[in-house]
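Look at the two complexes coming up: chain A is in both, with chain B in one and chain C in the other.
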Partner chain A sequence: MEKIVIPKTKSSPEIIMDYKGGLLEIIGESYPENSLAFYKPVFEWLDKCIQDKVELKVNFKLNYFNTSSSKCVIDLLDRLDKYFANSGIASIKWYYEEDDDDMMETGEEFSSDLKVPFQLVYY
Partner chain B sequence: MVNPEEEKEEFFKEEQELLNRFKENITQNLSLGRITEEYKLLGSKYDALLRQTLKLMKIGDSNQRRLIRTQNELQATNLKLELTYNNLKSLSQLGQTLTSSLDTKEIILTINKHIQGIMDSEIITIGMYEEEKEIIKYKFLVKNHKFTPSLASETLKEDNFSSRCIIEKKEIIILDIETEYPNFVENSQKLWDEKLLSQVYIPLQVEDRVIGIFSVQSYNKDAYNINQLSILRTMASYVAIAIDNADAYKELSKKNKQLKEQMEKVKILNDKLEVEMDKSETLLLNILPKSIAERLKKGENIISDYFEEASVLFADIAGFTKMSSKMSSQEKLVDILNEIFTNFDKVTNKYKLEKIKTIGDCYMVAGGIPVPNEEHLIRITEASMEMIEAFNKIQYELQIDIGLRIGINAGPIVAGVIGKNKFVYDLWGDTVNIASRMESNGMIGRVNCSDYVFQKLNHKYIFEYRGELEVKGKGPMKMYFLEGKK
Partner chain C sequence: MESLNLYKQYVEYKDHRILLSFKGAISQEVVTEFGSMIRTSLSAETNTKKIFAVFIELAQNIVRYSVEQEMGPYGNSGVGIIILREKKDFFYLSSGNLVQKDTVQKVKNRCDIVNGMNKEELKAFYQDKIRKPPEEGSKGAGIGLIDIARKSDDNLKCEIASVDDVNSFLTLTVTFKKENQ
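Showing the complex of A and B:
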């Protein structure tokens, strides 16, 4: 499966899906008109990886996202958590700007109740 | 836009399916065990949903806080921008006021007005750099917001903030004099007050020339931040332009005044010259006919014009020489001659004749020169009779023993001016000599005319033929006394 890159737009983040390296990156701002439709390919890719037991690394580097995007992120994380619970290998990194306490807090909220490794990283 | 109902179904697909199944099941008669199972399933989903909702709420909140923070930051930035804009606006207004004022005191007072409220300014001063004397004179000082006359000055020969500022063409910014002065000078010296802890000196430059220093000082430490310093720099550049303009204006005014004075002098001289010119013009016209004077002025050196026909009259006062030897006062004699000739002049002018000269007691006049005129002989004849009349009148009044002899001739003549000094318009030719002979061969109280005159005027005037008289160098010549008009 080839590496898929969805370029960023004004309202949607850049998404990199590298099946070989098991890498998923979501970078930028996320407030597309239809979040579910926008993230649908990501879910499909993730399901395929989970099915194939790929070792997954997921990086979030988001500056801003709307509520429906956060629902999608929660669903992604839940799916990863379930995969991890079923002995799949996955790790998540949540990047935030150094003095952006709110974004760090948001990361903490996302990670609460999760078992899958979740790391907060500032840049 | 996505339909909200559809969106809900999409977002919570699993939950929705479960709920629908549950609603369906509950209407059917299911076993208690089965219902319990369904409830459990629904419960766990509900639990997960609650958890997610809580998460979303919290995330939503923190997102909102973030937005509010960004908004606040933006507002602060906007305020700052607005302030900067206002500062810039007031600076550019200040610039307009400053650059249009031509008086340093006015300049410094305008700055004082603008600077208050923007920054500390217990001292505002403008120092003028006098290059020749190597000093900076701080004549203009606003201390505690009041214009204060000042005699302070600093010399370039010493190490001080002002000399550094001028010599190095660099601004000096001191925000705590106690600790910072060694960075600039060896000894801290305070020109205006011990307590001035912050001092800013900015050189006033116009192109490459340093014309002075603009300084603002405060009793507080760290009184000036980056923005305020940049405002001061802008002010300094306006001040430099304004002062340079003022200097140029002063210089211009001075020059203008000098020029006016010079023009005044020139005007007086011109007026005098004009009077002198008028005088010499009058004199010249007394000596020379107008047309001849014009030609000489235009550069002709020698004038000699040939006239085919002109008339000449000589009037001699007989007995004058004899009388003059008897007269006690020479002045009286000249007075008499003057009166006679003045009357002759009147007659000459009346008949538009040209007075040539007087030789002693002899008066010489010509007609038909320098402007030819057909009537010249008639005019000179009429004049001769009036001259005799005028003379007789004077003689009668003064009761003196003198007589008047007049001779007239006409013919071709050369008239002109020769020589460079004491030039005079003169006549040459045989016609002139004969006229003179007519006079010398005449009689007192009579006008003696040549044959030429008789031939020309016989039809209009009455003549008395005298016969042929011997003329020296000419032989016998016909002569006629003029009797009067026909």
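Showing the complex of A and C:
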């Protein structure tokens, strides 16, 4: 499967989905008009990887996301957690800007019930 | 034709310290543009991120739920009004739009629920709701109001004015304390 890149827009993040490297990256700001429609290809890609038992690295590098995107982010995290619980290999990095306490706390909050390796990284 | 008294408007905007306002059809494009105006005009403020985030939730609520919907070439939009005001110690962000009478009470009830919670309770409520399917009639995550309440520095002010037999005008006002004093 080819590497897929969805370029960023003013209200949606850049998405990189690299099947070979098992890499998913979500970078930028996320408040599209319809979050479910926007994230649909990401869920499909992720489900395919999970089905094929790909070793997954997922990087969230978001500066801002709205509540309907947050639901999608939580859903992605939960799918990765379930994959990990079923002996899938996955790890998550949650990037936040050094002085962005809100994004750091959101990362802490979202990961509090997860078993899958989750690392907070500032940049 | 009665002419528009722009000076009266000017004085009113000045007296109320209205920093930004928009009335009209709000599309995703308008949300994005108005959002960047908020960032520009508040760039010296430390809580710009919070105000921006609440603006997005309020504006997208208008797009999704305003009774007045318009179909444009770039998707649908909802008609409403958004105003950012400044006072000595606070910023106030208000949104207004037409809502059906039977829906408006539900919004008021939700406001009352979140207003009755402290920050810890709101956090728990948010974490509980975010993993549940949204309520019937919701077009988003159904957690916008909770998120707004978490970011607000005072209770959400929810005002309802009757318009006709079918619709009411809903005004939501969110308060932000100035941080760099």
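We adopt the following convention: the second predicted complex is superposed on the first by the 123 of 123 C-alpha atoms of A that agree within 3 Å, B and C clash if a C-alpha of one lies under 4 Å from a C-alpha of the other, contacts with A are read in each partner's own complex, and residues count from 1 in each chain.
Quick note on the criterion: a contact is a pair of C-beta atoms (placed from the backbone, for glycine too) under 8 Å apart; a residue touches a chain by one contact, two chains touch by 3 or more.
Just so it is clear, the structure is predicted and the values come from calculations on it, not from any experiment.
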Item to complete: Identify whether chain B and chain C fit side by side or clash on chain A in the overlaid structures.
Response: clash
Discussion item. Let me test your reading of the model: by the given contact rule, A:32 touches which partner, first (chain B), second (chain C), both or neither?
Written reply: second
Discussion item. Which partner chains sit in contact with A:70 here, chain B, chain C, both or neither? Use first/second/both/neither.
Written reply: both
Worksheet item: Of the partners chain B and chain C, which touch A:10 in the superposed model: first, second, both, neither?
Response: second
Discussion item. Taking the superposition on A as described, I'd like to know which of chain B and chain C A:79 touches: first, second, both or neither.
Written reply: neither
Fill in: Contacts of A:106 with chain B and chain C, given as first, second, both or neither
first
Discussion item. Based on the superposition described at the top, state which of 59-67, 347-355 or 365-373 belonging to chain B clashes with chain C.
Written reply: 59-67
Practice prompt. Report, in rising order, the residues of chain A that make contact with chain B in one complex and with chain C in the other.
Written response: 33, 64, 66-68, 70-71, 74, 78, 100, 102, 109
Discussion item. Looking at the complex, which residues from chain A come into contact with chain B?
Written reply: 33-34, 36, 64-68, 70-71, 74, 78, 100, 102-103, 105-106, 109-110, 112-113
Worksheet, complete the sentence: Residue positions on chain A within touch of chain C in the complex are 10-11, 31-33, 35, 64, 66-68, 70-71, 74, 78, 100, 102, 109
Worksheet item: In the complex formed with chain A, which residues of chain B make contact?
Response: 1-2, 7, 10-11, 51-52, 55-56, 58-60, 62-63, 65-66, 69
Discussion item. Per the contact definition, I'd like the list of chain C residues that touch chain A in the complex.
Written reply: 28, 31-32, 36, 49-50, 52-53, 56-57, 60, 63, 75, 123, 127, 130-131, 134, 140-141, 143-144, 147
